[in-house]
Amino acid sequence: QNTKIKVGALRFTSHSGSFVAKDRGYFADAGLDVELEFFQAAQPMAVAIASGDIDYAVTAISGGLISLAQKGAIKVIGGALIEEEGIDGQQILASDAAYQAGVTSPAMLDGKAYGVTQTGSSFHYVGDKIAQAEGISMSFKPLQKVGAVIGAIKSGQIDAWNIVPHIAKPLAGSGAVHIIGAVQDYLPGYQTTTVFTSTDNAENQRDKTEAFLAGFSKGVTDYNSTMIDMADGEAGVDEMVKLIHQYVYADRPFEKAKPSIVNGTMRINEGAKLNMASVQDQLEWFKAGDYVDQGVTIEDLVNTSYVETMS
Amino acid sequence: MDIRLENISHSYDDFEVMRDITLDIPDGRIVCIVGPSGCGKSTLLRFIGGLERPSQGRVVQVGNPPEGCLNPLTYIFQDFALLPWRSVEGNISLVLEDHGIKGARARAIIDDVLARTKLSDFAKALPKQLSGGMKQRVAIARALAVKPAVMLMDEPLSALDSQTRELLMDDLVSLWTRQPFTAVYVTHNLAEAVRLGHRIVVLSRRPGQIREIVELDTPLGEREYGDPELERQQKHLWQLMRDEARAADAELINV
Amino acid sequence: MDIRLENISHSYDDFEVMRDITLDIPDGRIVCIVGPSGCGKSTLLRFIGGLERPSQGRVVQVGNPPEGCLNPLTYIFQDFALLPWRSVEGNISLVLEDHGIKGARARAIIDDVLARTKLSDFAKALPKQLSGGMKQRVAIARALAVKPAVMLMDEPLSALDSQTRELLMDDLVSLWTRQPFTAVYVTHNLAEAVRLGHRIVVLSRRPGQIREIVELDTPLGEREYGDPELERQQKHLWQLMRDEARAADAELINV
Amino acid sequence: MSDATLDTIPATKAKPEDGTARPVSFRGGGFAPKPRRWVGLVVFLVLIAIAEWGTRAGWISALTLPKPSDVLQTFQELYASGLLFKHLGPSLSRLAVGAALGVSLGVSVGILIGLFSYIRAGMVPLVAALFPIPKIALLPLFVIWFGIGEGSKYALIAFGTFTPTVVATYGAVDNVDRTLIRMGQSFGLSWFSIVRKIVLPGAMPGILSGLRISLAIAIILLVAAEMLGAEYGIGAYILQAGSLYDLERLFAGVVILSVLGVLVSGAIAIIERRLLGWRT
Amino acid sequence: MSDATLDTIPATKAKPEDGTARPVSFRGGGFAPKPRRWVGLVVFLVLIAIAEWGTRAGWISALTLPKPSDVLQTFQELYASGLLFKHLGPSLSRLAVGAALGVSLGVSVGILIGLFSYIRAGMVPLVAALFPIPKIALLPLFVIWFGIGEGSKYALIAFGTFTPTVVATYGAVDNVDRTLIRMGQSFGLSWFSIVRKIVLPGAMPGILSGLRISLAIAIILLVAAEMLGAEYGIGAYILQAGSLYDLERLFAGVVILSVLGVLVSGAIAIIERRLLGWRT
């Protein structure tokens, strides 16, 4: 009898690791009976891990996540999406108005408005890092919902934003916004998303957690090799897109969904490797901004005993 | 100014309310209309005041309203129809404002009508502070303020208890004796009719038709509480109406 | 069963409503209580029915209620107090249900009281379909259903128009003649008092005190609409009350 | 119609010659709007036509409003794919369970508040303090308190419908005609009989009209509730469309909620006609 | 108090010997809750004390509820740092402007609906369809329509208060005593005089009681409005606290909104007492 677990996911391409592992039976092979729980936003996913409603999930590091980790509720156990040179990562966008006014690279964003979902969100982190690197200052507009940010940048009410490629590319294609840079130029090796679980799972249920990571990693490997390394050619891509289409853009016809899914391709860390340097940097940034308690340590946040770390 | 009703009939959709009513309301007299519930008394009064139009027939006014008359056909309602958010004087000034009468002129009129209705001490009171009898006095004062040619009264006393009713009848009689006014007075109450009416029109049950017109010759001032001649008239009217009233009362209302 | 009121006084906080009222209500007679507005008539009736407690004095019942009496002291209210969501028979069965009377026994009682109040055809009607007079008849039927020892009536006819009032007075008289009941009948209306009362208690203006008790010996069945002797009594009562009524009417109400 | 009175000539204005007879002038009518059913439909059609025209002609930008015809097509696709019912099913059951919980609890508490002094004194300020709390602010807490399953969705909707129902119910109990209650007491009815046979039916009109508002709020809260880990559901569908700035789907979802609201309000009207036929 | 009647003995039960005199038994009272002011305060204090005890003793986990004392401390810090007013200022001005817009528009439209048949027929279904639309679902659109500045915040609050105000207002106009209007006509008052002097004051009680609901909704919508690019504001403060899962600040913010709601409702009560002193 397989152990029943629940895995949280968003209907985004970046969660393909879990989709593939479930669909191709890798979780089952690892002795897990996985049920996917879908969320509309990343933040409730962290809370749901804390409340014990789900066991594992993948999301960006946010103030809320660190807060919950400090309360002893959750732990990061591995890495997922990462910015890697040579592969399309998160794009920096400028609104058409700003672009026409001469903002053609992030360096020209001085004094401009940068869209974020919340103060102390990962967007804020990225924007602030860009500003620091360029030695400029920007104002950050909290708009809560990705949709609201899209609306704001399309109508030129904010000047810039960063977002994953599967959203960035079609937006740029429509001509309403322009890509003016890539996040990886500023934050090489940025650990965009991490795998995390409850402290109880991480500390007391080692077998289960290892089994999950094993299954998940297999899914990630499949995904990377098919979509990025093109190991199985176009046919392989088609098959993979079909698999993902069951979970993402399910209500659109396949033809419409495919470009979006392909556009969204980003590398996910093999073996859920975790870039500790990036995590450490993010934690320091949150502390510096006073978005989280000053007493949080990297040990509160991460359990490094599961996966290989890089630094 | 006289009022003449010419062959008035009326139906609401298919619901016949009154049939062929012809009636004269001579200047300076009080005409009482009595009849069982639902026979169309209030409707008839609305026709006279121009608030509604009959299906057939017409209401005409013969002659001109007297000098200074602001609103020839003026109502006094059963439920007083005072604006609860205005004081006694505010309620009276309401009907003057639209005629451009303000300030000292309005003041003079208001003081005059309040004095005539013995309300001078209550000018600043709100309706909620007044008993029913006082409220109806305010309504009468308001009607007097526009110097009406004809007063149209729809059961003006029936919301009052019977003692207050007696008091107000006395007041109406003394108002009329000092300065006769024309009035159409709708009531259920035969005692009121014989006390105040120069002419009493008895309507039949719905569809309302004129059954009888009784003329009373005793001058208003001489009619007294419990006058035997009036009692006799009242008894006669009650015999006319009794069975119709019973039948009207036992009718189911469609709602 | 007699009722005796012993030295009843009452104040609401510092507001004195009545003072030292002592009164006997003998079995089988109708006692009318008249008095100007606000003199405490309704309050007194609430004391008799046990719905409120006087500050001083007490109400006692002397002797036992008759056999089969479900609710010795039974009210009939001015505004009928029918449940609008129950039909005529539902309103009557309401007061039987709590005594465990259901099914055929209830049916028999309901049919009996409806017949006595001439309502048999209206058993299924809702209150909204009935005229005021019919509604009060239903309330009377409901009161009869519990075989009361004493009926407590608070201006039962004052919400009705005067023609319906006449009709219902006749009905009450015929009910009483067939089977005499004890009643305390509060009213403003002196005509009602002299028509229905064996004993008429006149209260003064607030604080209510007994001013006079008038005994009427004419049997109820022989009192007629417009009876000269009754008119005389009525006139006498009116003279007693007139000034007090006027003063009571002109009082400002504190709200 | 109020419109009709504008042309009325006051009776005083005209001054005919002495002795002549002239009809009394009409000055009544108005201030009583009459139903004109088709106008509502026409307004909707005109608005939609304008939107269609504007989006087609381009003077309404595609960013501002989707083409109504595209929304319709999205709706058809949603229906054809069977997803419509997959979304509608969970939403309706959440609405039903959540609203049933909130309303039944609200009615009970409202009646207790209406009847007992101490409960009133204790609960009324509490309800007043709970009312202005935005439910979306509490979302993170709801996850901890009730989990991400159906529990938290029911709880959110129940919480949102609870407060307005309480307020409407105790208002309705306060408005029950006291003479009816005195009547019940005067016939020696027991306390429970009075509550069951007089207070409850008497408060029913007020409770039902409160239900209109509560249920509208329940529909509004559906979106907030489905922020919490909902896979299917109209709210989840709208949120997802919003996060992708997919206006066609956003509008299709909003139209569904709107229709749902109109249907619920119609259903209450029917219940009112059934249950409250005794009202004049 | 309703509580008092439970011990009443029906008058029929006791059967004294023949000829004896005994007092009539009392069976009235009750069903009229009396104010007991201090109870509300006690309930609040007890609830807070329990929360404090539980969080200190540990049987309420820190994830579930913050310590009330910590919330108080957060609040003090907020006050001491001057940030309280930095947050309160923009929120209050958004509330004021948004609610003023929505309410004044709502009252105007409501009155037009109350007076004119065609406007009624056209607008009522529209309002009914707008009511159940959740404002948060429209956030992305509001960004396009009204920008991310103050405009969209005003618009969202205005939109949220508009519909309930319209419904309350035309209900109130419908309930204005028609005999008063007929009275106005019978004295030859002009249409505008009737509307201004009779319809408007007569509808005022209904409009004000609708305002209670509208303003509570405005406060609730503050959080939604401040989702749109607000740096300061109680709503923004709550949202940020929520996303950082900082329960102390979340509760501090919620308490502020709750107090705001109670204050607004108190203010309306005062206005009612002033303006509607004429009611019995």
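Letters A, B, C, D and E name the chains as they come in the text, with residue numbers starting at 1 for each one.
We take it that a contact is a pair of C-beta atoms (placed from the backbone, for glycine too) under 8 Å apart; a residue touches a chain by one contact, two chains touch by 3 or more.
Labels paired with UniProt names: B, C = Nitrate ABC transporter ATP-binding protein; D, E = ABC transporter permease.
Everything quoted here is computed from the prediction, not taken from an experiment.
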| item | value |
| --- | --- |
| Contact-graph separation of chain B and chain C, given in steps at minimum | 1 |
| Most distant chain from chain B, judged by the mean position of its C-alpha atoms | A |
| Selected interface, C-D versus A-E, where C-beta contact pairs are more numerous | A-E |
| Inter-chain centre distance, chain B versus chain E (ABC transporter permease) - centres from mean C-alpha coordinates, in Å | 46 |
| Whole-Å gap between the CA centroids of chain A and chain D (ABC transporter permease) | 40 |
| Distance between chain centroids, defined by C-alpha means - chain A, chain C (Å) | 82 |
| For chain A, residues contacting two or more additional chains | 43, 47, 50-51, 64, 145, 147-148, 150-151, 154-155 |
| Contacts with two or more other chains, residues of chain C listed in rising order | 49, 51, 70-71, 73, 128, 255 |
| Set of chain D (ABC transporter permease) residues in contact with two or more other chains | 11-12, 27-28, 63, 139-140, 144, 182, 185-186, 188, 239, 242, 245, 280 |
| Interchain contacts (touch definition) - all pairs | A-D, A-E, B-C, B-D, B-E, C-D, C-E, D-E |
| Footprint of chain E (ABC transporter permease) on chain D (ABC transporter permease) - complex, ascending | 1-3, 5-6, 8, 10-12, 27-28, 30-44, 63-64, 113-118, 120-126, 128-141, 144-145, 164, 178, 181-182, 185-186, 188, 191, 194, 199, 213, 216, 219-224, 235, 238-239, 242, 245, 247, 250, 253-254, 257-262, 264-265 |
| Residue ranges of chain D (ABC transporter permease) touching chain A (in the complex, touch as defined) | 63, 77-78, 81, 83, 139-140, 143-144, 147-149, 226-231, 236, 239-245, 249 |
| Complex interface listing, chain E (ABC transporter permease) residues touching chain C | 11-12, 15-29, 280 |
| Chain D (ABC transporter permease)-touching residues of chain A, taken from the complex the two chains share | 8, 11, 37-41, 43-45, 47-48, 50-54, 64, 145-148, 150-151, 154-155, 167, 176, 250-251, 253 |
| Residue ranges of chain D (ABC transporter permease) in contact with chain C within the complex | 177, 179-180, 182-183, 185-190, 193, 197-198, 201-202, 204, 276-280 |
